[in-house]
Structure formats: C-alpha cells, structure tokens
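Each chain carries a letter (A, B, C and D) given by its place in the written order, and its residues are counted from 1.
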Amino acid sequence: MSQPPGFPLSEFATATTGRNMTRSAYVAVTCGVVMMVLLTVDPVYAAMHEVIGALLWACLVFFVFEWLIRLRHAAGTGRRAAYIVSFRGIVDAASALAVPIALAAGVGSRSAWLLGMFWVLKVIPGTRGLRQLRRVLVVESGPLLSVLVLFLTVLFMAAVAEFFLEHELQPSSFGSIPAALWWAVATLTTTGYGDVVPLTPLGRLVAAGVMICGLGVFGLWTGILATGFAAETRRDNFLRSWEAVSKVPFFASLGPAAIADVTQLLRTIDLPARTTIIRKGHAGDCMYFIASGEVEVDLPGKKVVLGEGAFFGEMALLGNNLRSADITTTRVTRLLVLDLVDFRLLMARHPDLAETIDAEARRRALENK
Amino acid sequence: MSQPPGFPLSEFATATTGRNMTRSAYVAVTCGVVMMVLLTVDPVYAAMHEVIGALLWACLVFFVFEWLIRLRHAAGTGRRAAYIVSFRGIVDAASALAVPIALAAGVGSRSAWLLGMFWVLKVIPGTRGLRQLRRVLVVESGPLLSVLVLFLTVLFMAAVAEFFLEHELQPSSFGSIPAALWWAVATLTTTGYGDVVPLTPLGRLVAAGVMICGLGVFGLWTGILATGFAAETRRDNFLRSWEAVSKVPFFASLGPAAIADVTQLLRTIDLPARTTIIRKGHAGDCMYFIASGEVEVDLPGKKVVLGEGAFFGEMALLGNNLRSADITTTRVTRLLVLDLVDFRLLMARHPDLAETIDAEARRRALENK
Amino acid sequence: MSQPPGFPLSEFATATTGRNMTRSAYVAVTCGVVMMVLLTVDPVYAAMHEVIGALLWACLVFFVFEWLIRLRHAAGTGRRAAYIVSFRGIVDAASALAVPIALAAGVGSRSAWLLGMFWVLKVIPGTRGLRQLRRVLVVESGPLLSVLVLFLTVLFMAAVAEFFLEHELQPSSFGSIPAALWWAVATLTTTGYGDVVPLTPLGRLVAAGVMICGLGVFGLWTGILATGFAAETRRDNFLRSWEAVSKVPFFASLGPAAIADVTQLLRTIDLPARTTIIRKGHAGDCMYFIASGEVEVDLPGKKVVLGEGAFFGEMALLGNNLRSADITTTRVTRLLVLDLVDFRLLMARHPDLAETIDAEARRRALENK
Amino acid sequence: MSQPPGFPLSEFATATTGRNMTRSAYVAVTCGVVMMVLLTVDPVYAAMHEVIGALLWACLVFFVFEWLIRLRHAAGTGRRAAYIVSFRGIVDAASALAVPIALAAGVGSRSAWLLGMFWVLKVIPGTRGLRQLRRVLVVESGPLLSVLVLFLTVLFMAAVAEFFLEHELQPSSFGSIPAALWWAVATLTTTGYGDVVPLTPLGRLVAAGVMICGLGVFGLWTGILATGFAAETRRDNFLRSWEAVSKVPFFASLGPAAIADVTQLLRTIDLPARTTIIRKGHAGDCMYFIASGEVEVDLPGKKVVLGEGAFFGEMALLGNNLRSADITTTRVTRLLVLDLVDFRLLMARHPDLAETIDAEARRRALENK
C-alpha cells in the first residue's frame, strides 16, 4: 500500500496518526539519513549537492508536517500533553525542529543537517520486542546497577593506578587521570585500541588484572540479562496467548486452571494475508489453532475455508509426517502454534482434547479420500 | 534533606552511624574524587590549585571525622572489633588515614592525594544487589575457579609457545616469557591492543588458537554466571516476598503450602513517599497488595486511603485495560506486585481468592459510579 | 568405506544422492580449498602451480559431476524444482558453475578460482545441530531484531557525533560519516582496531559511552540466545526421544502421560557399530535402553547379545558403582540414556518400573555368578 | 602438613600415589614454572643462572621420581596400562621426560627447559569442577560444533573476500589467503589487533559484517554453554546430595519420591576440620544437616557435640534471625544446606518434618535457657 504520488492530505493524516510509522515515513527516514550521510562525503557533495539539499528539505518538510498532524490529532483526542512528553512526541518534535532551529541560529548548513540524526530515532518506538527489552532492563535494574558500580570502581582505580605507574614514562598518554581513564575504558571493555598501552612491568600487571575484570563484568552483565530474558519471554508469551486461547471454542470447555496450563504450551504468531503456512509435502511438527482471521486449505479439486476457532495441521502430530495440502491465510491471521512436544503433554493431561482432535482428524481423512 | 550549612554535630553523628552513606558523604566522595582528578590535569591545577587543595582537605577532614564517629559508635555498642575488620571499617580507615600517612611519610603532595582513590570504595557497601552478586560468586566459585585454571594454563602455554616461536624475530616484544605473557593476556581476553603481534606463520596459528580459546573461556564464564544468577534471583525474590506475603490478611487464610506457592508468584518493590504508582488512563497489566505503608487513591471528588493489607489495580486484570485513577504513596511503602500471568495462575489454583478479588472489585465499581 | 580408486559410476551415483556428503566429497572439498589457498601464496604457486591447477580442475570436475547426478536423481523423483531452490541445490550449482563461468567471462585464472570459496558451503547442510540453531534464530527473531535496531541506532548516532567532534582535527579519519561509521562499528563490537581513534576529550567521552553500549548489546544478544537455546534443547531432546521411548516394550505398559513424563527424563544418543559403551571397571552413573540396534555384553566365558527394547547398566544405579563387563555395539544403535538423577525420580514416580528393573538385575546377578 | 625437610621415601610414595597432587608437588610446579620464566629474563639469568639451573634440576628430579613411583604403584595394582594412557599419566610422563629428551637430543639448554611448560598441566586433573566443565562440553558438543562450523565458514569466506578486495592495495598485509585469514581471525573473535586493517570501502563493509558475525558467534557460543551449565549444575548437585540425604535419619522416614524431592532442595558442602560454620550474632538464613563428620556447638558454659544425622541452625528459619552460638567442625564434615526458601517449601510439602524440627527447636531452647 505505497502512497499514491500526489496523495490527498486527509488520507495521509489518517495514516500518520493511527500507526507509529507509515510506509512513507520509513521512506522519508531512509532517504533523509542517506542524504545526510552523502552530505558529508566531499566528492559526492561536490557532484550533486543540489539534489541532496532538495531531498533533505523534502524530508524535513515531511517530518514537520507529520508532527503537526500528530499534534492536532493528539489535541483532538485530548491527549496533547501526554503526546508531547512521550518518547515518540519528543522524537517527532526533535526531528521537525532541530534542523530549522540550528539553521535559524546561524549554524553552517552542512553542520545543521547533521541534526537530522534524530530522524533515525523515529524508527525505535515501532520496533516489536523493544518493550520486552525495556521491561528486562527495568526488572533487572538492581543487579545491573551493581555491576555498573563495580565497573566504574574498577575503571577509576585502574586509571589512578596506571597514572601513578606510567605518567613519568609516558607523560603524553598517561599525563592525567582523564587520560588514564581513556586507556582504562578501552581496556575494561576489552576494546583495546592499543593507542595507549602501559609499558612498565607493574603497569602491565595492573592492565592484565583490568582485562580479566573486563571479562568478569561482561559475564555478570550477560548472566543477569539472560536470566531476565528467560522470565520475560515466558511472561510475554503467556500474555499474548492467554486472550487468544480463551477465544478458541476448542479450549473453552476446559476450566481456568487448564486454560492457564494450555496457554503456557502455546505460542502466538501473527501472519499477514496470503502467507502460506503449510506447504504440501513438507515435513511438519506442529499444529495450529486459529485465534482470529481465516485460512484456506487447498485440497485437490476444492478449497476449504477454516475460520476462527478451527484447527489444522494435526495430521503431522498423529503419525503422518508429511503435510497433505497447502494452507494459506486469506487475511491477517493470529495463530496459536502447538509443538509436537507440547501436543504430547497436552494430550496426556487432557485426554478429552485428544479425543476431539482424533475424531476430527478421522472425519477429515474420510472426507478428503 | 541536604544537611544545613552549619549542621550540629550530634545530628551528623546520628546520620553517619545509622546508614552506610549519608547524603553529605555522597557529596564529599564526589567532590573529593573530582578534585583528585583535576589535581592531575596540569592546566587546571595551575589555574586553581588553591581551591582544589582546600576542597581536598575539606573532604579528608570529613572522612576522618566520619570514621572517628563510627569508631566511637561501634565501641559504644560493643562491636568495635567487628567494625574494624569489616569491609566498611577497612575502607573507612583507608579513606581517613591513607593520605595523611603518605603526607607524613614525605610523599609529594600530588602523589599523596592519589590515595584518595580509596574514597570511591565507600560507595560499594551501600550498593543494592551487591550482596546478590557476591552470593553468586561464592556459590559458583567451584566452576569459576576451574575456568580460571583453564584460563591461566592456556595463558601460560601460549606465552611459552610464542616466546619460543617469536623471540628471535622480535627480541624486543617476545624477548622473555613475561613479555610474551603480556601479549597472551591481551589476546586471550580478546582485548587485542596490537602493540605486540606474532609475525611468524606458526606464531600466528598459535595466536588464532588462543583467540578462539578466549571466546570459549568467555562463554564458559558467562554461562556459569548466568546459571548462578537465575537461581539467586529466584531465591532473593522469595526471601523478600515471603515475609510481606504472610502479613497480608488476604493471603493469611491460605495454608503454608499455598503461601509458599503465592510467594513465588509475587515480586516485592519498595517505594518512597509521594510516588505515583498508577497513572489514570495508562494501560496496566498488574495489581498490587500493600505489604506495609499506605497509598492514596485520587477518585473524582474524593481521596480514598488504602492501608496495609489492601489491594488495588485489580481492574486491569479483570478486563478493564486502562487505569481509572491516580494512585500515590503517602509514605514509604512496600508493595507486592502480581503480574497478569501470575494472576491467572493464582486464580486458577485458588478459586476462593478469585472470588474475594471479584467481589471487592464489584463493590468498588458500584461505589465509584 | 573409502571409494575404490577407479570406482564405478553407478556406485558413486548412489552414494552421492543418498546422503548430503559422501566421504569422497569431504576429500574433494578439503583438497579444493587447500589448493585454492595455496594458489594465493606466491612462492608455493611458483614452485608447483601445475599440481595445484590439476587438483583444482579435478575437484571442479568432481563437483560438476556430483551436481549433474543429483540433478538427474532429483528429476527422477519429481523433485527437481525443490532441489534447485533448496540451499543445498543452490550451493551445489554455485560450486559447479561459478568458476567455469568466471573463466569463460575472461576473469584471470587466479581470481576465477577464488570463487571456489563456495565449495566450503557444501559442508553446511550436513552439520548436525544446525537446524536447532536456525530454529532458535527464528523463534527469537523478534528480540534479536530489536537488539539489532538498537545496535544500528547507537552505531549511526555515534558516527554522526564523532564526525561532528573530530572531523576538523582528523580530516583523514573522520572526514565523512561513512568513515566515522568504520570507527563506530569497530568500537561498538569491542573489536577496537585502533587505526582510527578519537582525540578530543568530548570525542573520547562519546567513545567510552559507545564501548559500554557495546558491552550492553553483547549482553542482550547473548541473553536472548541463551534463553532460546534452553527452550530449544528441551524441545529437540523430547522430539528425538519420544519415538524411541514408545518403541521400548519396557515403557509400553505406561499410559501416555507417563510416557511423556519418561521422555523428558531420557536422552537419545546414536552410536556407530563396534563402539564400546561401557568399559569394565570404570565408574558409571547411568543406565541404557536399546531403542534400535544391538549390543554385545562381554561376560567371562560367554558373550550375551541384547536386542531392541533391552536395557543394561542398571547395576550402576542400584548400588554397584563399577561396571562389571565391557558392552559394545554390534551395529548402528540408538540408545536412551537414563542418568542417576532421573533414575531416582523415575523410580519414585513409577514404582512398578522400579520393580521390573530390580527383578531383572537380580536375575542377571544370579545368572552371572 | 608440609613435608619434613628430609622426608622418608616410603611416606612420600604413599602421599604421591594416593592423591593427584601432594603439597610438595604444588611447590615443585610453582618453583619450576617460576624458574623457567626467570630463565628467559636476560638480566635475571645473567645474575643468578646457577641458582635457577639448580632449582630447575631439582624440580625435574622430583617429577621423574614422582612418575616412577606412580608407575610402580600402578603396576602393583595391575592398572599400569590405564595409568599410562590416562591424561594424568601422559602429563606425568611428559613432565618427567620432555626436558631430558630435548637435552639429550642436543637442544640448547635454555630452549630445552621451555618444555617444562608441561609441568603446569599437572595441576589440571586436580581441579574441582573440571569434570563438570567437560561434561557440559560433551553433552553440548553437537550445537558447539555447529557454531564452530559456522565460525570457520565465515572466517574462510571473509578471508577470501578481503584477499580479493584488498590484495592489490595492500600486497604485504593481504597478499595471500593465509595472510587474510590472520586478519579474519583477529576480527571475528573481536580481538582486533589493528596491525592489518582493510582500507577499501567495500573491504570495510565486509569487515563490519564480520565483526557483527563475531558478536553473533559469541552469543550463540555463550547461550549454548549457559544452557548446558544450568542442566549440569542441577544434575551434579543432585548426585552429590542424594547419597548424603539418604544417610540422614531425619529424612529416612520419607518415601523415595519425597527423598528425591528433598534432594533437589538441598546443597552439599564439604568442610575441613576446625572451620567455623556459624558465628554467634551473625544473621543467618539457612539450616544444616550433618551428612558425615561432627560439629561442636559452643554454648555458654558447655560444649555440645552433634554427630551424623543431627541438624542445627534451624532457629534462623523459625523466626530468630541472629545465630545464638558459634558452631565449628571437629573433623572433615559434609553438610547439607537448606536455604530459607527451600525450608518453607519443604515444610509446606512435608508437615511432619516441620513438626519434628519445631519440637527439637523447642527442646533446645528450653535446655539452653
């Protein structure tokens, strides 16, 4: 659904307020950023600075426009203040205003356009899974901060020690603690530029200790994040599946405890229209329940449509390894995926479900003979 | 609550003995460390060495003072020996004595003040979550030490091999095993300064092996810490929640097995006074129990106060996604947080709790109509 | 089973279509790659370019041949299209055609042979465990992409900032944003070549931030992958064990819930013929069930053969720590391994299994007296 | 228990065969390695080469001696072949023979002694927790090998690509694929020496991709190892605790299922004699069961001895936070540690255990009044 060349304003306004990023906004961000980069490459700039300038201005106009429409929309729904102080609002404002303000303040043109770097931030609020990342960082903020305190303590003490040990031999590299901190941060993060290196034996011993601490800090950091992620993934999956599961009539007969149980076994996926889920002849090891949307089964000679609450792909779990038909979504569809592993567990715990699936599978097999 | 300019001694004494770090101590540490850094920056030192010197002396006096008061306080409670040998006691002593002793021993003034680097250690005992870090390191010390032994073995053998292969070609860089060890540690930690690099083909082959070992050591290290952290996080959370849960009357009716069960689902958070927990109109996915403290619900036209044992935010879990009122703490409050996921599990396992929450939610909805 | 020197074509065809890589294909890939490398080493090339050329041609002929046979075989089974668009098909085609096309297009001989680098890709489809890796990447693609977006955002903003701060001082290193990106990527991945280094104090501050972000990105990345792997390992193990377990008569008496339970405790291993599983006198802490294949127990004076469904090694779990006989596979055998830990759990949950194993162990002990 | 200066041979033989490393062996390894390092430092060597030589010879004689005794001891117990092919046997042989053989073969004295680097390997078999590491590597060998294949593939293709792109501009650095491989390995492991750096824009793009792949490989590696470690830690802990638990009469009344359950909650620790486990007045959050050995409780006015099967420290879990007495081991003791978390769970599941502990705690409280 790319925007028509001379797209009408009202349509653009609808598109731009409803979602975080319209397709045209992605185009504008990409184009603006590329132009901004080219602006700094002298030979390219010399050859085509008019085109670059024009495109940059076009992008800027787009962002100003988008920002104004969003502001008006937010005001219309009485949430202007909330929009303005939200991350998205601040980024939109910075994208629209930073460059003009810089130009107005008399900053040179090529420097001013560098403020277009804020444009790239517009992509962030739309990133799937970033909320999950943020939650992990919040929940684990305690241990992460402890590691940061350790990191900074080691950093500072290493810098002081190296300053003491090296500043006479290398007054230009270790001549002050800030200079030594530069060495320390490059060493403790195991970046190791090598532009500044201790030369005295004691200085090298301290440096070796710092490098090993670097590994340790790294390990702690990762260990904490891994722990947080495991918990968050489980939580996120549950939240997304819960609602979908309770909508599937197949599971509705189960009590709430069983539904909670089932939810933990299912994974939710969202698919766009016209996506092939199952391809005939391929091996399969999971079955699907339709939480919302619709799929089309391409049987020999006829097409069968399955709607909300139906399931398919169960053959693969009942002994027939190869998929027997192509199955494609007809519109945006949310599926619940049940892996073979979890299918076994589910069937073992809820034998009545097993019977329902079995009966349905037999019915289909007969029908499609 | 910053200290009044000429704060009375007794008040300072009370503040300094009760907690690890008073606010004034944080100020002193920050100020002292910044001055110490500036001391080593020649142009700054030349311009304002009197100010720097005065501030350093002020910080030192503060630390000496603090140490003496803590010593007297510890002696008063009969725990002087315990304080002196504790990490905090040693750091306090080093912060107070290192610089004066160095000055007395005739060390140059600018070098002596470098010993102020111990001041930064005063921050460590107060870091939340550091106890948790230490426990992980203790519990996992076995495997971590094994990895360290592997690390040192690879380090040493790599250094000997490179010394053998390279010392004729590069007598200045690989002229002795200690010199080769310097290369080895920078390589095995993947720091890679590049100041010393093997040049012979065989030497480079060995170096490639060392780098890959470096990745391996890193991975082992992290894997161990991640495992330890997962266990420790679960444990720490349980410990903090257990006591709080048993104080909430809502859960008191449950047997001990159910309480243990509930405790594993709840997360504890401590909030200062006047913190907004829930903001009207925001989306919510958890409910709260008050373990201690008090919150104020800002309903249209009236303010309702909820005390220990009450719960709030349950609407979000019962279908109403948007928070319907601002809720703020009135004093230091400990809350138990119940996520939507865990709410479902809890309700499924303990249907009587579900009824209580449901009844209360209906009552409130009626009342606030 | 290395190919006989002048191996008949039909036999080769059978071998090459059945499996991903015949032993001769491994030889060809290794030989081709080594020759390709030697081609670029001038002294070696000068000395023996005829040998190298001949071997390269031989390898190429082999790959062309293999590709044609596979194409014909795929056509014969009606799956030519599927083969051609599969990863394996594309790699086979590239291996066979890239070099000849380059030579035909007039590329110099030494450059054209560099396209032999595609040969190394032939090894990939045959790597065990790669499917597991791919599944982790797919399941965790959401969070991984978020981290990538964060990574790229930090990368870009760091490059713009450094370009702004450094391009006047170092026009050759930071003269354009692409040049600054080169610095940024080496820094954010903590590679740290050190060929380009910021020199201004502000530039170094930004760089320090970038390095610390590098650690953070690394930690997130690893945390996500670790979480995904834990889930995938459990799933993969279940899938491989499930089928095998249900074939063992010993477990057949259990209901489906118990089988699912048992499956989670067992690990599957596949062994070639004539592998010694248990060595007399060694300590043991697991027992084995034979899912398929056959083993030979080397008792004093006689040899006992155990077939599908039998178990052995149970003595180690019933108090006798040292293995009492050598046990060797006689043909390709799939075993289910039960660790001591899981043995205890299993026996506790299914006392009837415990009795069966106990009775069998007593019978054997009597018999072998 | 350091060896007496002129220790009798028989005593030494007993010591050296029973354990992996006697204390004197640790001394010999340390001394030998330090001397070996000093041998390569020219000024030190010039000053004291006689002392160094003498000590090296002494260490060598020690290792030869140790090896011979172990060989004879192994022969005496009929396990000579097993000893010779074991890792320990090979290391012992290499430690004893490498240097003399090199000297006999006419290698220069300073080079020959470098073979003393094998001495350091003698420490490895005695490292606690290394068996655990090895098991993780074996169990996860499948995915680890896949990652290695990916690593090598990326390495090779990157080297070929950079050779193609850079060898004309930098014939000395990228003049052959082996030279490019040197760059590739330093980049892919994120070591980044910076001695060889691509200069063309395309070369830098490839290099950026390689660095990001480096992060990915690292993450996969770590994720796999973390997963393996979590499983292994659980397993190892169970194995060590199982036997100990079943010896404690307190748990003997429980059925096997409950014992398996209890075992998963306990952690085993081994303590040497005269170690203080609990210090009066300290805060405590776990209780202990004595699996083997003995402890002494230092009550006011008397000392109480607790033997195998007894428990202590339960007060801390029953409300009294501060330990009320010093408790010290009297000989080597194995304890089972029960954390507060797990105590709650255990008590909830097994109320009879709770009563026993409660009754005993009351009895003790009365007695010690």
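Everything below uses one rule, namely that contacts are C-beta pairs under 8 Å (C-beta built on N, C-alpha and C of every residue); 3 or more make two chains touch, one makes a residue touch a chain.
All figures in this text were calculated on a predicted structure; none of them were measured in a lab.
Q: Could you pull out the chain whose C-alpha mean position is farthest off from that of chain D?
A: Of all the other chains, the one whose centre lies farthest from chain D is A.
Q: Cα superposition of chain C onto chain D: how big is the rotation, rounded to the nearest 5°?
A: Answer in degrees: 90, to the nearest 5.
Q: Between chain B and chain D, what distance separates the C-alpha centroids? Give it in angstrom.
A: 28
Q: Measuring from the mean C-alpha position of chain A to the mean C-alpha position of chain D, what distance in angstrom results?
A: The separation of the two C-alpha centroids amounts to 39 Å.
Q: Using the touch rule from the top of the page, what residues of chain D touch 2 or more other chains?
A: 178, 190-194, 218, 222-224, 226-227, 230, in rising order.
Q: Once bound in the complex, which stretches of chain D touch chain A?
A: Listed in rising order, the residues of chain D that touch chain A are 190-194, 222-223, 226.
Q: Write out the stretch or stretches of chain D touching chain C in their complex.
A: 142-143, 145-147, 149-150, 153, 156-157, 160-161, 163-164, 167, 175-178, 187, 190-194, 197, 201, 204, 207-208, 211-212, 214-216, 218-220, 222-224, 226-227, 230, 234-235, 238-239, 242, 255-260, 263
Q: Would you pull the chain A residues touching chain C in the complex into a rising list?
A: 33, 36-37, 40-42, 111, 114, 117, 120-121, 123-124, 127-130, 132-133, 136, 151, 178, 181-182, 185-186, 189-195, 217-218, 221-222, 224-230, 233, 267, 285, 339-341, 344-345, 347-349, 351, 354
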